[in-house]
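Each of the two complexes below includes subunit A, the first together with subunit B, the second together with subunit C.
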Partner chain A sequence: MDEIKSASNSLLASYVKDTPKSLKLIDAYMVYILLTGIIQFVYVVIAGTFPNNAFLAGFISTVAGFVLAANLRIQTNPKNASQFPTTSPERAFADFLACNIVVHFAVANFLG
Partner chain B sequence: MAKFSSLVLVAVLASLSSAIAASWNVNDINLSVTAKNGAKKADHKLEYPYAVEDLKADNSDILKFSFKVENKERPHQAMVVFQSQDEFQDEIMVAAAVKPSGKGRFEINFAKADPKFRYNTRKFSMTFLVGGSKVEEPFKYALGHIEVQGPSANPAVRPSRVAYEALDEIHHQFRADQKLINRAVSGLFSLLVLAPFAALFLLWSQLGIKFEPLKAMAQRPLELVAGLVFFSSLAAIEFVFYSYWTHVTLFPVLQYLGVLSLVALVSGRSVLSSVQTRRLQRTQASSKKDL
Partner chain C sequence: MALVASATSLTGPRTLVLLDNLDDADAYMDLWDDLQSRQFNVTLHDVKTPVSLSKYDQRLFDHLLILAPKMTAYPTGMNAKSVVGFVAEGGNVLVAASSELGNTIRELSREFDVEFDNRYTTVYDHFNYDQDLGKDRHDTVVVNTGTHLSTVDAIVPQKDIPGPILFRGIAHSINPSNSLLTKVLWAPQEAYSWETQDGDNESANQDPSVSGKDISLVSVMQARNNARIAFLGSTDMLTDRYFSAPAKKHGEKISPSGNRKFIEELTKWTFQEKGALDVVAVQHHKVGEEEAPAHYRIKDTMTYTISLAEYHDGEWHPFSADDVQLELIMLDPYVRKTLEQVPLDDQSTVGTFTTTLQLPDQYGVFKFAVNYKRPGLTYVESVTTVGIHPFRHDQYPRFISQAKPYYTSAASMGVGLLIFSFVYLWGGLESTVKTTKKA
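This part shows the complex of A and B:
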C-alpha cells in the first residue's frame, strides 16, 4: 500500500515538474470534459434517456471534445515534435478549433 | 419483301395460337365422402359429363376431391363452387392447390369448414371450375348434388337478410406523452453538469498562467484587434449554433456561418502566425542563451 502511495506520489511530482504548462492546460480541459461526460451518464442512469437525442448530443459532444483535446495534446507535445514535422502547435490548435466547430454544428443539429 | 413479312406474321400468329391451347384436359376426377372414423361412405370416379346424385354427407364427414390437369400449362384457379339449392342460393367456393405435376386436391371437413354448411340440412350443387390465362376456354363441370346434414343439436338459424349496421366509431388512440423528469432533478443535474467548469478554472488558476502573449499583443494594436476579431468570430459561431438549436432554421444559419467562418479563418491565420513568430523568436533567443 505504501509502495503504491509512493509510486503515485512520485508520478504526480514528476508530472507537475516535467509537464509543460500548455499540456497541463489541455489536461485540465480534458479532466473537465471527462467529469461533464460522467455526470451526464449518471443522470441518464438515474433519469432515463427520454429526450434521447439530447442525451446523445451532449454525450457525443463530450466524447468528441475529449478526443479532439487528446489529439491536440499529442500534436503539441514537444516530445512528439519529431513525429509531426509539418504540424506546428499553432497549426494543431487551428485544427482543434475547426474540428470543434464542425462537432458543435453536428451537436446543435442533433439537439433538435 | 411484302410476301416475306406476311409469312413471318403468319408464323408468329401460328406460334401464338399454339401457345394458347383450346381447352383444358382434366382427368382422374375423384370425389369421396369419408366418415370421421375413416369409413368410406361414397367414392366416385367422375368423367365429364357424368353427374353424381343422391350424395349425402353427415355434419362430421370429410369430403375429398382430387383431379389431374393434363395440359402443359398450370391453371391459375381450380375450385369447386357449392351452391345451396334453397331460396338463399348461398355460394361457397373451395379452392384446390394444384401441384407442378398437375395434380390438385382439397378436403372439406364439414364440421370446421364454412359455417354456411352448418345451418341446417341443405342440398348443394357442385360445379368444378378450372381456368388460366394460357387456355382460352375455362373448364366447367357440373358434378352433381350433395346433401349436407345440419348439426343434430340446435343448428344455427340462417339469417334471412344480412343486416348492415354502423359499427361503433373508431377513436384513434394516441400514445401518451413520455413523462419529462421532475424539474428539480433535471435542474440539479444541469447545475452538476456545469460544476466541472469550476474545476476547470480552479485547475487553470493553479497553473499560474502568465498572459505574455496578451501583453505582447497590447503593444501592437493591430494584433490585438485581429485577436479580438478572431475570438469574437468564434463566439459568434457558437452563438449561431445556439440560435440554430433554439429558433433559426438551417439556411440562414448556413449564410451566417459562411460569413463568420471566413472572418475566423482570416483573423485566426494572422493571430496564430504572429503567435508562432513570437514562439520561434523566443526559442531562438533561449537557444542562443544556452549557447
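This part shows the complex of A and C:
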C-alpha cells in the first residue's frame, strides 16, 4: 500500500514538474470531455434511449472531441517530435480545429 | 313445367332437377310448388335423357337438384367432372340420397369430403322412431330440432322450424377437418346405421360403422367461390308425405313435422336466396378529414369504415354483426381490431362497421383487410392497399425536454472547444510550445 502511495506521489510530482503547460491544458480539457460523456451515459441508462438520435449526437460529440484532443496531445508532445518530423504544433492545432468543425456540423445535424 | 319471373335467388332462376324416373316427380308436388312460388324456373329431367349443364363454357342452369339416388351413370352430356365444374363456376347443388344409393352420387359426394354409408344401409332408431311412418322397421327417425339442428341461424333458423324433422334414409359423415362443411342435422344419440335387409335375425357380430351423433343427416358446404352444396341422406324427407305427416314419437305428443319449413329454409340457403353478403363500400380517411389520402404517415390516427349488405327475401338489407374485424397486414397483421357497428335506423340500407385507430410505427405497403368468413354466410374478403410513409425529416418533434441534456452536452462541447482554443493560443503557453522544433 505504501509503495502504491509513494509511486503515485512520485508520478504526480513528476507530472507537475515535467509536463509542459500546454499538455496540462489539453489534459484538463480531456477530463472535462470525459466527465460530460460519463454524465450523458448515466442519463441515458436512467432516462431511456428516447430520443436516440439526440443521445447519439451528444455522446458522439464527446467521444470525437476526446479523440481529437488526444491526437492533438500526441502530436504536440515534444517527446514525440521525432515521430512527426513534418507536423509542427501549429499544423497539429489547425488539424484539430478543422476536424472539430466537421464534427460539430455533423453533431448539430444529427441532434434533431 | 316452367315459370319465368324475376328470381329471388341471387344467382338466377334456372333449376335442373335430376330424377331417377320422371314418375317420381309426383311425390314431390309440394316441393315444386314451393320452388315455383319462389320464382324458380324448374326443369325436370330423368337420368336417361341427355342433358348438359353448360354450353360454350356458360352455365345453362344456376342450380342443380339431384333427386336420383339410384343413378348409376350420369345422363349423357354430364359427368362427375362437369358437376364439379358447375360448382366451380358458381352453380349450387342439392343432393338427396337414399338407402339405395348408387355409386355415382357416392363418388360425387366424395369430391366434397362427404362419405355416405354403404349401399342398403339405413339409419335406425328404436327410441326416436315415428310411430306411423316407421312403425314396422323403426327407420323413420324423429329428429328434435332444438338439440340436433345446427345453431347456425344463417342456414336454418332453429326457432322457425315448427316441429321435429322426419328422416328416413342413409347416414353420411363429413370430414371434420374440412372447415367449408357444416353439419346441419344429425341423428339422435340412440340411432345407428345398419343394413336394410335384415336377413334371418342375423346376430350383430359387428358394430355399426357409424352411430349416434356421428351420423350426419343433412350437411352443407360453401365452396371458396361461395357456391353452395347441400347433402341430404333422405329423398323421403322432401316428399309431400313427409311434409304433411305429423311427427309421432313414442311418449311425446303429436306435433306437425317441420320438414316443409326445414326444406324451404335449406333450399333458400343452398340456392342463394339468403345469407349472401356484399361489400357495398369501403372508406378510410384521417381523423378530421373526409377524403382518403394518397398515403398515410406512421402513427396517423385514421378511421376505417366498411358497409355490408345481406341478401334475403329478394332484397338487400343492412347486415348486423359484432364480430367483423379489420386487420392491417404487411406480411403479418400489425393491428387487428373489431369493428363497431353504427346503430341502424329506418333509413339504413347497409350495415356500417367502423373503427378509429392509430397506424403502427412501421412504414411500408399495408393491406387494410376485412376477412369475414362465417358458416352460412358468403365469405367476405375486402382488401384495400395503402402506403404508410415514415416521417419526413422536418416532421420529427424538436426540442424534446428529455433530450435537453444532450443538447446541453453538444453545446458545451462547442463552447469548451472555443475556450480551450482561446487559452491554448493566447493563454501564455507560447514558451512551452515554442520549445518544440519546427520541421
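Please note the rule applied: the second predicted complex is superposed on the first by the 112 of 112 C-alpha atoms of A that agree within 3 Å, B and C clash if a C-alpha of one lies under 4 Å from a C-alpha of the other, contacts with A are read in each partner's own complex, and residues count from 1 in each chain.
The criterion applied here is as follows: a residue touches a chain if its C-beta (ideal position, glycine included) is under 8 Å from a C-beta of that chain, and two chains touch if they have at least 3 such contacts.
Source: prediction; values computed, not measured.
In the superposition on chain A, A:S88 contacts both subunit B and subunit C.
By the touch criterion stated above, A:L97 is placed in contact with subunit B and with subunit C alike. More subunit A residues lie in contact with C than with the other chain of the pair subunit B and subunit C. By the touch criterion defined above, A:N71 lies against neither subunit B nor subunit C after alignment on the C-alpha atoms of chain A.
Of the two partner chains placed by the overlay, only subunit B lies in contact with A:N109; subunit C stays clear of it. Once the two complexes are overlaid on the shared chain, A:Y32 sits against subunit B and subunit C alike. By the touch criterion defined above, A:A47 reaches both subunit B and subunit C. The residues of subunit A shared by its contacts with subunit B and with subunit C are 21, 25, 29, 32-33, 36, 39-40, 43, 47-48, 50-51, 58, 88-89, 93, 97, 104, 107-108, 111-112.
Here subunit B touches subunit A in the complex through residues 178-181, 185-186, 189, 192-193, 195-197, 199-200, 203-204, 207-209, 234, 237-238, 241-242, 244-245, 257, 261, 264, 268-269, 272-273, 275-276, 279, going by the rule given at the top.
Residue ranges on subunit A touching subunit B, taken from their complex, read 21, 24-25, 28-29, 31-33, 35-36, 39-40, 43, 46-48, 50-51, 58, 88-91, 93-94, 97, 101, 104-105, 107-109, 111-112. Against subunit C, the residues of subunit A that register as touching in their complex are 20-23, 25-26, 29, 32-33, 36-37, 39-40, 43, 47-48, 50-51, 54-55, 57-59, 61-62, 65, 69, 76, 78, 81, 85-89, 93, 97, 100, 104, 107-108, 111-112. Within the complex formed with subunit A, the subunit C residues making contact are 396-398, 400, 402-403, 405-407, 409-410, 412-414, 416-417, 420-421, 423-425, 427, 429, 432-433, 435-439.
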